[in-house]
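Next come two complexes built around chain A: one with chain B, the other with chain C.
So, the complex of A and B:
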C-alpha cells in the first residue's frame, strides 16, 4: 500500500522533474536558455495554447473532449479581422471575437447535450465545418491586422508580456471555478460518473453545455493572442492546436477519463513542457521533425504514467 | 448535279468541325490556397488560357480542386480528376514525395502530368513549370552580400527556412548556402525551419535572436509571413528602417503583396520576385504544346521562369511586378 502511494507520488512529480532536467540540459549547452529574457519569451509564446488548453482541461475534467477549439479560434478571429478591415472599432471587434467563440461553443454544447451526439464525434464534425467556415470568411488568405491590435501581441509590463498576464488570470479564474464553486464540483462529479451525477439530480446537461461555451470563449481568446503575436490571421491559425491542447492536458496530469487533476498546475506544466522542448531544440538549431518525435515520446510517457496510476487505483479499490 | 449538291452539303457540314477549336480540359490540384500568390496564379492561368488558347485554336477548360495542405487528400483529388477524364493533370504538390504516386497513376491512365511550382521527388512528370527557386535565392543572396559589403557590414544572418518537404524551400536553402560559402560579407549563424507556419516564423526568429544576440541580418525563405518576422523583430527592438542605427538587415524571397509596403518603407533590403504571371503564362504554353503532341522545350530542370531582384530603390519603378498591381 505504502509502496503504491510512494509510486504514485513519484509519478506525480515525474514531469516537473523531467522539465527541470531538460531545462538544465539545454542551459548546459546554451547558458542563455535559462536567462530571464528567454523564460519570459517562452511564457509569451505559450500563452495562446495555454489559454486554449484551459478550456480543454475543463472539458477533459468531465471525461469529454472538444477537438474543434482550433477551428473556433480561426472563425472568431476571421470575423474579427474582417470587421477591423471594415473600420469597426478595436473594442467592438474584440467583443465580437469572444461572442463568436461563445456562440460556437454553444453550438457544440447543443449538439452534445440536446442532440445527444458523442462529444468526440460532434466536435470532429464541427472542427471540419468551423475550419471551412473560417476559410470561407477569410477567403483562406492572410489578413493583416491593424497596428493597434498587432502592438498588443508584443505589449509588455516591463519584461512580462500582456498575454502572459491574461493567461495567468484566466487560468486562475477557471481553476478557482473548478475548485471552489458548485459548478466545478458538478464538473468533477460528471467526470467521476456522469450517470450517478444525473441520478442524484445534478444539473448535468446545463453544466456540460456551459462548459463547452466557456471552452469556446477561451479558444477565441487564445486565437486572438495567437493572431496578435504574428500580426495576421492566416489559415494556419488553430491548425492542430486542439491536439496540442489535449497533449498539454495529458502531460499536465489531468486524467482523460475525467474527475482528476489540477487545471492551474496541469496546464502550466503541460504547456511549459512543450514550450521548453520547442524553444530548447530551436536554440540548438534542431530539425523541426525532431520536435515532433520528442513531443510524441513525451505524450506516450505521460499516457503510460497515467495508465500505471489508473492500474494502481483499480488494484487498490 | 444532284450528286454535286449532296457533296456540297456534306462539305458545308464538315467544314465547321474542321476549323473549330479542339477541347482541352486541364485538371489542376492545389495543395492549398492560402496566399494571394495562388489566387493570382489561378486567375492568370484562366485569363492566359483564353489568350493563348484562342491563338492556338484550343478551347481550354479548367477544373480546380484544393487539398487544404493534406498530401493524402491531394492524392484523392488527383484521382478524382483522372476519373473525371481530364486531358492533362497539373498539381502544385504539398509533398514532393507523396506526389510521385499521383504522377504514376496519371501516367498509367495515359494522362500527361505537369507539376507546377513544386517539383516531384523521384518520379518525373511529363513536364515541370515553375520559378527558379535556386536562382532566386542566389540572386537575392548576391545582391544582399553586395549591399552589406558596400555598407561595411559583416552580416551574421539567421536563415528562416521553409518546409523541408517543399522542393522550393530546399532549393532556396541551397542557393543561400552557395552565397554564404562564396562570399565573405555574409554568414549563417543559425537555421530555423518554419514548415511555412507563421507562428514558427515568429517564435523561431524570436528564439534565434535571444540565442544569438550578435545576429544582424536574416534571410527569409518567403515574405508571405513577413508580419510574423516583424513581430519577432519588434519584440527584440530590431524593427527599424534602413538608415536607422538599429536596422536589422533583411533579405527575403518572393516580394508578395504584404512585403511591398515594407520594402517601400525600407524595412526589407533586398528580395527576388516570384513572377506569378510568367509562371501561369508558361503553364498554359506547356499544356497546349503537350496537348498538340509537341515538345514544350523545357530544360532538364523544367520550364522555369526566373525572378527579378527588387530593392527599396527599384520597387517604385520596376515594371509588371504582379504583387503591386494584383487585386
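So, the complex of A and C:
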C-alpha cells in the first residue's frame, strides 16, 4: 500500500523532475539556455499553444476531445486579417476574431450535444471543414498583418511579454472556473461518469455545449497571438496545434478519461516541457525534424506513465 | 398513533402488454420504517419509481399528508420531501466527499463555491448520520458502505420527509450493515419515514416497524413487524403454488457427472459442496441475493479463481479439472438475457454462430457463410423460433424467441452441462412452457442441468432434486418429491438461523 502511494508520488513528479533534468542538461552544454532572456523567450513562444491547451484541458476534463481547435484558430484569424486589410479598426477585428471562435465552438457543441455525434468524430469533421473554410477566406495566401498588431504580438513589459501575461490570466481564470464554480464541478462530474451526472439531474447538455464554446474562443485567442508573433496569417496557422494541445494536456497529467488533474499546473507543465525540448534542441543546432521525434517519445512516455498509474489505482481498489 | 404522511391508493401501471402494477396500495406513517418485499418482478421497483417521480402511474392516487399530488419528475417528488437512494450509488469518484454531497446544490458566493461552508455543512450532515468521514477526502478510496453514507447525506440535504432505500445492504459487509441500521434508527427519531426495499428477509426484523408484501404487481399484505415472522413473509411473497405436475418421471441415473467440493469464492460463495448426476435437473432454490447466481458463475470461472475442487466424470472416472475446462463443456443461459444472452443489434445468424465459430469456419479461420446460415436454420427449425429470416436483428424478436436463440446457439456446442439462470424471466406462459419442455428433453438426452428459478412452481415442475441456497451457503439438499411447504420452510429456517 505504502510503496504504491510512494510509486504514484514519484509518477506525479516524474515530469517536473524530467523537465528540470533536461533543462540542466541543456544549460550544461549552453549556459545561456537558463538565462532570464531565454526563459522569458520560452514563456513568450509557448503562450499561444498554452492558451489553446487551456481550452483543450477543459474538454479533456469531461473525458472528451476537440481536435478542431487548430482549424478554429485559422478561420477566426483569417476573418480578422481580411477585415484589417479593409480598414476595420484593430479593436473591431480582435472582437470579431473571438466571436468567430465562440461561434465555431458553438457549432461543435451543437453537433455533439444535439446531433449526438461522438466528440472525436464530430471535431474531426469540423477540423477538416473549418480548415477548408479558413483557406477559402484567405484564398490560402499569406495575409500580412498591420504593424499595430505585429507590435502587440511582441510587446513586452520589461522582459515579460504581453501574450505571456494574457496567457497566465486566461489560464488562471479557466483554472478557477474549473476548481471553484458549479460549472467546473459539473465538468468534473461529467468526466467521472456522464450517465451518473445525468441521473443525478445535472445540466449535462448545457455544460458540454458551453465548454466547447469556451474552447473555441480560447483557440481563436491562441491563434491571434500565434499570428501576431509572426506578423501574418498563413494557411498553416494552427495546423497540428490541436494534437500538440492534446499532448500538452496529457504530459500535464490530465487524464484523457476525464475528471482528474489540475488545469493550471497541467497546462504550464505540459507546454513548458515541449517548449524546453524545442528551444534546447534549437540551441544545440539540432535538425528541426529531430524535435518531432523527441516530441513523439515524450508523448509516449507520458501515456505510459498514465497507464501505469491507472493500473495501480485499479489494483488498489 | 401518528398519522399517515403517505398513502398510495390503487396504483396501476402498464408497460405495453405487461401489467407491472395492479391495485398497489401503500401507506407510511411519520417516522416509521416500512419494509417493501416481494419476489423478482413483483412490482416493488415500479411502485417506488412512481413514488419517486421516475415513472407516472396510469391510474390511482398518491396522497401526501392527505393532499393529492401528481409527480412528473424526480424534482416534483423532491419538492414533497421524497428522496430516493438507488441501489446503484451515484458517486463521482475523483471528487471529494463534500463535493459529492453537494453535487446538486453547491453553496456559492459571487459565483465561487464556498468550500468552507460546504465542508462544515457536510461534516454536520455526516455527524448526524453518525459518520466521521473527512469531507475533504476523495471518495475514490472509500468502501461501498461509506459511499452509501455520502449518498444518504446528499439525500438529507433535500430535508426529506420520506427516504426510499433500494436494496441498501446488497453489497455491504456485516459491520457496515449495522452502521446503516444505526443511521436508519437516527433518521427515524428525527421524524423521517423510510421505505426499505430488501431481498434479505431476516434484515427486516432488525430495523423495520412494518412489512408490505407485493406479488404480481399488487400489494397483498401489510402487517406490523410483531404480527408476522420470517416464514409468513416468504410464504406471502411466493404465493400458493397450483398443483404441480412433474414434467418427467424421476430420473434413476445415478452416474455422477459433476462433483463440487468446498468451493469458496471470496465472499460470494462459502464452502459449497454438492454433486450433479448425469442427465439430472438439479433445482437451485434460494431467494434473490442468496448467492445462487454467484454459485453457478464461480463453478465455470466467470468470477475469478475460486478455491476448492471441482471434479467431473471423464470416461467413468471422476477427475479434478480446471474451471477453464468446465467452461468449455458448459452452456450458460444467463439471467440477463438482453445484456449477456444475446447481442441485440446483431442478426440471428451472427448470434447463433458466435459460440460455434470453429464449427462454421474453413481452414485459416475464414468463416463459411453457407455454414453460418445452415446453423441458424437448424436452430430456427428445431426450436421453432418465429423469425422472418435469419438476417433479422435479435432486438426485433419477442423475449421468448430471443431466449430460444440463446438456447439454440448453446445447444449447437453440444454441452455436457447446461446452466439455466432464470431462463423464463419476462416470458409469457406459453413461452415458459416451451423453455421448460426444452430443458426436460435435453436432460432426457443426457445433459446435466443446473436450474435456477425464483418461481417455485416451475422449479418444482422440472427438478429431480433441490439444493437450498441461502446467504451464500448451500444449506440443504432436498429430494425431488419435496412439498412446497418443505421447500419454503427450508429457506425460512436457514435465514432465521443466521439472523439470530
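Please note the rule applied: the second predicted complex is superposed on the first by the 317 of 317 C-alpha atoms of A that agree within 3 Å, B and C clash if a C-alpha of one lies under 4 Å from a C-alpha of the other, contacts with A are read in each partner's own complex, and residues count from 1 in each chain.
The working rule: a residue touches a chain if its C-beta (ideal position, glycine included) is under 8 Å from a C-beta of that chain, and two chains touch if they have at least 3 such contacts.
No experiment lies behind these values; they were computed from the predicted model shown.
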Q: Would you mind checking whether chain B and chain C clash or fit side by side on chain A after the superposition?
A: fit
Q) Looking at chain A, which partner touches more of its residues: chain C or chain B? A) B
Q.
I'd like to know which partner A:18 touches here: chain B for first, chain C for second, both or neither.
A. neither
(Q) Here's one for you: vertex at chain A, rays to chain B and chain C, all C-alpha centres; what's the angle to the nearest 10 degrees? (A) 130
Q) Which partner does A:265 reach: the first (chain B), the second (chain C), both, or neither? A) neither
Q | First, second, both or neither for A:176, with chain B first and chain C second | A | second
(Q) Contacts for A:229 in the overlay, against chain B (first) and chain C (second): which applies, first, second, both or neither? (A) first
Q) After superposition on the shared chain, which partner residues are touched by A:189: those of chain B (first), chain C (second), both, or neither? A) second
Q) Taking the superposition as given, does A:141 touch the first partner, chain B, the second, chain C, both, or neither? A) first
Q: Quick one: classify A:243 as touching chain B (first), chain C (second), both or neither.
A: neither
Q) Across all Cα pairs of chain B and chain C, what is the smallest distance in the superposition, given in whole Å? A) 32
(Q) Help me check something: in the complex, which residues belonging to chain C touch chain A? (A) 74-75, 90-95, 99, 103-104, 106, 108, 111-113, 115, 140-141
Q) Any idea which chain A residues touch chain C in the complex? A) 176, 180-182, 185, 188-189, 191-193, 196-197, 199-202, 259-260, 313, 316-317
Q) Taking the complex as given, what residues does chain B use to touch chain A? A) 32-36, 39, 68-69, 164, 190-195, 197-204, 206-208, 210-211, 213, 224-225, 227-228, 230-231, 234-235, 258
Q.
Using the touch definition from the top, list the residues of chain A that touch chain B in their complex.
A. 30, 32-33, 35, 37-38, 41, 44-45, 135, 140-142, 144-145, 150, 153-154, 226, 229-232, 234-236, 239, 278-279, 282-283, 285, 287-289
